[in-house]
């Protein structure tokens, strides 16, 4: 179920097409996934989001695989099934092993458990953790 | 504000004390943070949680710093202020640089943004992302 | 997948039927959507929920379109796919343009991003924002 | 920090005062907690919310203690610190023991953990669980 | 859609098989639901999760039906459709009536409403609710 | 509690200072709120976030007040106390009346309630709501 139609390449505005061209160039594949096809109705947000993704997920202090794994962890916490699938695929493509994926899931589960227990207990931050 | 009192070392049951002893031994410090002092009212959950944390956060396929950063990411998504502080401190202690922390935060923000946009649009998972 | 069956008009209790009659009268359509058919197993909650919806979403300081758009924004943040679809349909019926829908989605995404960044950084409320 | 001032008894509109009178009569205490004092700026929502609370939390199939414990569990999952404190106090007043509270917390933690693991794995609902 | 395949009994490692044997023995049924089949790729997390579930959901201060209802409430708040279905089935199997389920849903809804209203208003915890 | 220090004007890097200058110019005030002072440790994210905010919250199909109200609604759903305060202040500055704020809160509450009830019931999207 979707609230907007996915756009085919033939239906793109020139602004959206330029973003798709860049996605294909950066990722070195013809494949453009559904997220961008849904977002292409709004070329301004499409362009801003793609430029932001390129900056945030591009080369930096953290390696590409770790970045994708952090993305997956947040997507699980937010219950975004599409995002879990797309970024798990990306993490695997960037070298995440099944053992690492299993550990990621265990950590997300464990954090979720203690996040809620801490909230239930109303634990005050220790002075040792303050700046 | 808390829903239970923090227990001092003198108030611990023998079962809780044994867990505190193990926390101190494993972490090689006398400091036991407030989370465990709040949880110590329930020695069974205290012990199970500590044993689980040791297993999940112990040596494995992912390094200790990456594990703590995943923990922080989930804690941000769940809005657990205490957990953000305690696990950011742990990640820093395990070598997370300020540049890495900044990237972590940017990724959590970016993922949060696209998680909700994807949900709003109702994007279907691409066949390419299916097993 | 559902945890209760949808009730047809023929299966309604008299109390539930009276609510359906009012839904049809207020909305001036024979169509009663699935939410009410699922909720009709519990006529007391059905009636209370419908009366509340009528009050909250009825004429007031905010116009009907803005009210539905706020409803959609919250439903996205909570990940309720059904609610996103039903209230997006309602917002469109009340005049929301596709350009407005695109802006709504961009705002929800932006707010989600900064909500989590603020939480990560632990920013204190400025005195200027206090009452 | 608050976005509205708490109203004292002297500042209430007649409509809000009538709700406060009923809260005091039903609960058999002079004490009216801050939630109602913040909500009293909007007597219509104040009245609707109180009437709904009375209906939902009043006598029914579930006993009063179990109802408050369910309220606490949801409040933990939503990270509402005020609600956790007010409904934990209510649950204790209605007979929740510390052992029961500890089990509630353990269940909320466990459910949070498996909720996220299931979401990560994308587990399909078994036919056995379908209606 | 799933991020891992469900394992059949024939594909289990010896460690995973031992957990499945215990699930079958404790639950006194041959049926092992999909959650465990997805988790079985990681026998260590499988075993830890099952042992934790047994401890948390086993005999204690709260009866089995109430425990499952708390699990359902949290699963609703977290939007885990699988978990809602599996634990609603479990709660029904342990005696939850349809009237009790209807009240559970009404309470979850009511708590969600007031949780967000309290957060919007920024209500401070009353001294009366502090320890 | 914060995980990074707030930067004063004197501590800003030239890149961060340039963003602060633009914030002051666009908003026509010397006041720069804490969010930007916490984010200023990472001038790249600071600049990207400010540019995005300017684009998303700038002139468009929706008026400035409605945009801020949508921002507030999402911030409530995500439990970001800082964001609720800063964007409620912004919405008020852009003309939101107290009656409109009260309706916003009532809608967020109502949506939260039905979001969770729909999720509990597992309601399928009506064909009428599909594209």
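Just a few scattered comments:
A, B, C, D, E and F label the chains in the order they appear, each numbered from 1.
The rule is short, and it goes like this: contacts are C-beta pairs under 8 Å (C-beta built on N, C-alpha and C of every residue); 3 or more make two chains touch, one makes a residue touch a chain.
Molecules present, by chain and UniProt name: A, B, C, D, E, F = Carboxymuconolactone decarboxylase family protein.
Bear in mind the structure is a predicted one, so any value in this text is a computation, not a measurement.
Contact with chain B and chain D alike is made by A, C, E, F. If you take chain B and chain C together, the chains in touch with both are A, D, E, F. Most remote from chain D, judged by the distance between CA-atom centroids, is A.
Greatest Cα centroid separation from chain B: this falls to C.
Inter-chain spacing, taken between the CA centroids of chain B and chain E, is 21 Å. For this pair, chain A with chain C, the centres built from the Cα atoms lie 27 Å apart.
Chain geometry summary: the mean Cα position of chain E and that of chain F are 34 Å apart. Contact with two or more other chains is made by residues 1-4, 45, 49, 52, 74, 76-81, 84-85, 88, 102, 104-106, 108-110, 112-117, 119-122, 125, 130 of chain A. Taken as a contact graph, the chains are fully connected, with every chain touching every other chain. Of all residues in chain D, only 1-4, 6, 31, 33-35, 38-39, 45, 49, 52-53, 56-57, 60-62, 66-67, 69-71, 73-78, 80-83, 85-89, 97, 99-100, 102-104, 106-126, 128-130 touch chain E in the complex they form. Only residues 72, 76-77, 79, 81, 84-85, 104-106, 108-110, 112-117, 119-122 of chain B touch chain C when the two sit together in their complex. Of all the residues in chain B, the ones that touch chain D in their complex are 1, 3, 41-42, 45, 49, 74, 78-80.
Contact residues of chain E toward chain C in the complex are 79, 81, 84-85, 88, 98, 101-102, 105-106, 109, 116.
On the side of chain D, the complex with chain C involves touching residues 1-5, 44, 48, 52, 55, 125, 130-131.
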